[in-house]
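Below: the structure, in structure tokens.
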Amino acid sequence: MADTVLADGALELEPAPEPDAPFRPTPRGMAARIAVLAALLALILAVPQLVPAVYVNIVTKAAVYGLVALSLNILLGYAGQVSLGHSAFFGVGAFGAGYALTKMQLPWGAALLMAALTGAVAAVVLGAIALRLRAVYFALVTISYGFVAQETLFNIRSLTGGGAGQPAPRPSLFHTDVRYAYLCIGVLAVAMLFDWRLTASRGGRAIQALRDDERVAASWGIDVTGYKILAFVISGMMAGIAGALFASIEQVVTPADFGFALSLTFVLATVVGGAGNRWGVVQGGVLFAVLPTLIDRAHANFHIWPFTSISITLEPAVEALLLILTLIFFPGGIAQQQRNLLSWLSFKRFRQPETGGGPARGGMGARP
Amino acid sequence: MPVLEALEVSIRFGGVQALSAVDFRVDELEIVGILGPNGAGKTTFFNCVSGFYRPDTGRIFMHGQDVTDLRPDQRAQLGLGRTFQQVGLVRSFTVLENLVVAQHKSTRYNVLAGMVGAPASLREEKVLRARAMEVLDFMGLAHLHDSPIGGLPYGTLKMVETAAVLATNPEVLMLDEPLAGTGPEEGLAYCQRLKDMRRELGISIVMIEHHVPLVLGTADYVYVLNFGALLAQGDPDEIRDNEAVAEAYMGEGATSLA
Amino acid sequence: MISLLVALLLVAVACGQKPGVHVASSNGGVLAGQSSNTDTGSADVGASTDAGSATASGGATSSGGTSSGGTTTGGSKSGATKSGTSGGTSAASGPVKPTGHDRTGVSTDKITLALHAPVTGAAPLPVTAFEKERDLFWRYLTEVKHEKVLGRSQVEVQFQDDKYQPGTAVQACRELGASSFLVVGGGGTDQIQACGRYAESAHIPYLSAGVTETGLTGLQWYYSLSMSYKQQGKLLAQYVAKNFAGKKVAAVITDTPNFDDAVAGWEAGVKAAGLNYYKTLRHPKSDTSWYNTFANELQSNKVDVVYILTAPVDYIRFAQQANGQGFKPQFVGVGISMGLNAVLGSGCPNVDGGIFFSPFPGLDWAKANLPDYFAAAQHAGISDPDDLGVALWGLAQSQYEMFKRYGATYGNDLTREDFRKLVETQANLHTGVFPDQSYTPSSHFGSNQVHVLKADCSVKQYKTLATFATGF
Amino acid sequence: MRTVLQVLIIGIQNGAILSLVGLGLALVYKATRILNFAQGEMATVPAFAAYLVMTGFVVAGDPVVSKGRLWLATIVAIVFGALLGILVNMLVIRRLTAVSPVTSLVATAAVFLFFTSIEVNRFEAKLRRFPRYVEGGFRIPGVNITVEWHTIVVLVVLGGAAALLALFFQTPPGVALLATAQEPFAAELQGVPVARMRSMAWGAAGVLAAIAGLLGAGKFNNLQPALVTTTFLIPAFTGAVLGGLTSMVGAVAGGLILGVTVAAANQINTSFSLGIPGAPQLATFLVLLLVLVFRPSGLFGQEA
């Protein structure tokens, strides 16, 4: 700070000029943006139809992972809490839905609520712990939490249906793969709307404020404890719902599906997407959902470097390298890569000033 | 009845008696200055009053209500606003966003309504922004509304911080070294602005500041802390001629700060 | 990074539309997964399925200028007629007319089969074996012996890694099932179970060596090529009673729901055989500290024979830790991978003398009784054919036996529905490597034989003690 | 009583190696405030280097590794480990411009994925034999349990390393290193060569990892890709947290405590036939909570 103090420009004392009016795109700019947005929307909606039938469920999975990334982003990006046990919320939601559908014979909608509820509960338990702990220690506790969920909770045969797993049939209206894909994409869209309103309203702002500095937040009358818990509740509900959707992709839930590897994948997806940025993290989730299949297929079907010469056992290495390069050159992940594009699409100028918050906001109470 | 009052506030950290039996009061529309050399316990006292530290003994009152057991955010709800020595702002937000968050406690719509984007919440959001712009205007910062916090010079940040606290519309405004990193003439202008605030917003102000002449020129009443204890108190003139204070500041033999 | 991947995604989509792109696939490394046709995985669109896959396999044929049979929408018809004619020649008496219409993976001159197994992930099998040995049997049959399979001169075996994850396995089976006639599960209980259940919903014939029965019993499209763990439990108890009479017995079994039925079968067998039994210890997953605790527990309770049902790595470590503390029990067990020589490579000397039931005999037996396998290996230029290859050979031979039975009844027009129906009624399918199988509509766990292998650390090989044993 | 002793001994046998891995994690965290998910591979890769030396660079098949070359292999592995640590820092960690620790966490995770993949590709995902420095063990009369000499070796190395590090952090360079962790800018201003300090810390962590790799592979007499990561890393992390991430003594104590906890959980679960699934994980979690609720930065940890 010292140098900035010296370099400090004089304070503006003359009566402030009228703030420059907010940017409005020209009619042509407006048209262009709308056109592009429409095209994108059309493309997304076309995907389930375009991909070969055997890959439709991958598309669905991508939507679900996008939802999970949104959920994790609320902790990682907004509240600055690292959860390496997110597969626990996810799994609890999945089994919750399965149990509701199979054991309690509830309608699918009710099962979804059940999943949201169980997910929230699982998250609040962690949240209560988070209040006591320093971020780094908490991150490691979440790992342990995830293991307990997988090894203990998900192995209670009466709850999880034993070896064959807990059946989770799809709603009759969306029983085909393609229809179900649209359902999940729809849910993701709703979730993004919700997330947008969250960040644009007092709740989300309070959560982000206390991520940056709890004392300042408190001095502005924000109940730090309350809003931290709130963050966990929302994240848990989203993860739970995502779990329910996931459960009905293959229509059966088994414990083996929810391990530490999955939790790690979710964190990777969120960070690569760009923690704190809605559009970024969703793309991150989608990316990590399709990546394995994509690389396998690339390997099997095309002669494109680097997938031709190498054996399957090297594909993770290629992934890892890309990952590291992304982190080095685009710490803000996909969101940073697309910063200008995203701002243009959100009807602002194409060029945006670097925000002081910098890329990769949040995470373990990071300070810019 | 005083707006803010502290009785016999003491706190110790480990072996150090940071504050010992400090009495303090602020009345309506009063500007109170707190002077004292580094490590005198000024900021510690601020933290006790605003609720970040819990005093070992002594009570804090706002409008006669005992707030000693309340959390910082609860005290803020009651109209206590404060700034921090290291600028207290949300770094990842823009100036305007900061002032909008700062209005948290005065926001009507409930959190859920906000999440689902209820019309009421949308309407109020507009109000919040308008109000934020007003405050920025008042502080002469309106042109910065869209700029991110990071990158603004230190002095400006202190101004933005003050603006943010004003946006919480406090009854008492507690400023911790608001003039750090600003030149003398900005200092003067700032103090002038403080008086305007008092008049236009009808608030009381407490300020910790090293710049003795400015404090004496601005405050109606001044407390001087030294080694965690009250060294002196009184109106600026009394303090100016107080020998103990003079010694504390200028060393042996000094008889006046003037 | 992103742009590259997005590009790939687009290409992938594009190629999904044009199966022609797949020419590369047959020599595209281990993962020769076809992704061509647009089958929703449900049989009700069988015709389109056939057209798609016929095109695909036509395109994918590396060693053949076959202009594929069913490029047109009338794929099923053309396929039927063509193979019908060729069937006339091979099948002696006028064959029964097939009633099914799902001819996925079947073209005029080629049958495409598929195999999934873990070669990466938590408990993988050596990838090279699947790379080199997965189609040894068929290549030998068609290239060396110049025999035809249901009138086809070519059999392609696709392979996908299921990464030892059920989810991945199901996706693998979905993709394989879209372009192959049937799918075989190579190993991994959870994965086989998941795939079996998917295959049932997608009406894909699915075969595997016997594992758990949970979730697989009552399935119409799943066939177990050897005894399930549950069935073997009873036999194993007999074996222990006979060979280790009077010894005190206990079991160490991974605590996973999918072994619950195995435990039940074993404990029933223990009662029936009247063994001197201590108890069944279920060991926790993703933990390495139970080895000592359990070894202690068993040692201090004077247990001499331990039935172990775990991942090989846990067996090896448990044996090593037990030995380290002077506890050297007689290990016995069942399973697919426990009897592989790879276990001895790092398990010896601690696992010396371990006796396991296996769906396939050891390499020593193969040397004496399976000359074709080594001839085939030589033909394929494989210097060191291993026992995993023998297993794959056995799997293939079981399928060949089924195809021959099918040909005898229906001729060469191969459909999934009729194949499923036929196998269900076959008795004494004798393959010479895997146990004989006799299926009925009510039971698809149609085997009652096991091979008995004993670890010999002096040569780091399992010696075959008994083959096709039905009781002790 | 005898059972209690057994649990203790088993717990220490398993905990010791966790402590050793945890020590490296604590070192990296104390010096750079990074949770190093690559520590496991920084241990496994040198172990493979040692394996190659011992087999005379025979990758194929599964030859019996020669014990004679163990010492040569050890030296190679340790040098390799140091280089690895320095390289990871130089090529990845140092290049991360992002402020958020979670980014560095993800980066180290990526490093781990990378190395695992390379190992699987070079060595196939199968187990290979790996020797110990001292085979066998001695029986403790009365308790009816054998303590492996290997465990004693691990404990001795562990004690030595922990003592050295604890001392080091008292010395001027050690203090300077801490300064770089807590206040990088301030340290820079005071002329502390932050960059060099950091890479030194990573080098040391690499050496620790290499030793942990050799002894870890020795524990089960086998080596396979990602061995240390899959077998020891996560519990080692948990142990380090129990003890307090910033304390060398804590890392050691934490690992041992965790080992005993899990051993106890298994013992109770089996001898009373409770049939609680995932008993070790459950016990670990509960103990972790118990400790952290009362001491939020671990038993011995104190954070700036």
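Some notes on this structure:
Here the chain labels run A, B, C and D in written order, and each chain numbers its own residues starting at 1.
Here is the rule we use: contacts are C-beta pairs under 8 Å (C-beta built on N, C-alpha and C of every residue); 3 or more make two chains touch, one makes a residue touch a chain.
The structure presented is a predicted model; accordingly, all values stated were derived computationally and were not measured.
When every chain is reduced to the mean of its C-alpha atoms, the one closest to the centre of the whole protein set is A. Relative to chain C, the chain whose mean Cα position lies farthest away is B.
Here the spacing of chain A and chain C, counted between their Cα centres, is 38 Å. Taking the mean of the C-alpha atoms as each chain's centre, chain B and chain C sit 75 Å apart.
Here the CA centre of chain A is 31 Å from the CA centre of chain D.
Separating the CA-averaged centres of chain C and chain D is a span of 38 Å. Shown for chain C are the residues that touch two or more other chains, namely 119-120, 127, 255, 284-286. Chain contacts: chain D has residues 120, 125, 277-281 touching two or more partner chains. Among the residues of chain A, those touching two or more other chains are numbered 147, 151, 155, 311, 313, 316, 323, 358, 361-362, 367-368. Under the contact rule defined at the top, the touching pairs of chains are A-B, A-C, A-D, C-D.
Residues 76, 82, 129, 132-137, 139-141, 143-145, 147-148, 150-152, 155-156, 260, 264, 267-268, 271-272, 275, 310-311, 313-317, 319-321, 323-324, 327-328, 331-332, 358-364, 366-368 of chain A are the ones touching chain D in the complex. Taken together, the chain C residues at the contact with chain D in this complex read 119-122, 124, 126-128, 255, 279, 281-282, 284-290, 292-294, 296-297, 299-300, 312-313, 316-317, 320-321, 324-326, 342, 345-348, 350. Listed in rising order, the residues of chain A touching chain C in the complex are 47, 50-58, 147, 151, 155, 157, 160, 162-165, 176-177, 250, 252, 254-257, 283, 287, 290-304, 311-313, 316, 322-323, 325-326, 334, 337.
By the touch rule above, chain B contacts chain A in their complex via residues 50-52, 71-73, 76-77, 81-82, 84, 88-94, 97, 100-102, 104-105, 107, 109, 111-117, 121, 125, 133, 136-137, 140-143, 145-156, 159, 164-165, 168, 180-183, 186, 189-190.
The touching residues of chain A, counted against chain B in their complex, run 1, 4-5, 7-20, 193-194, 197-198, 200-206, 208-209, 212-213, 215-224, 230, 234, 276, 353-358, 361-362, 367-368.
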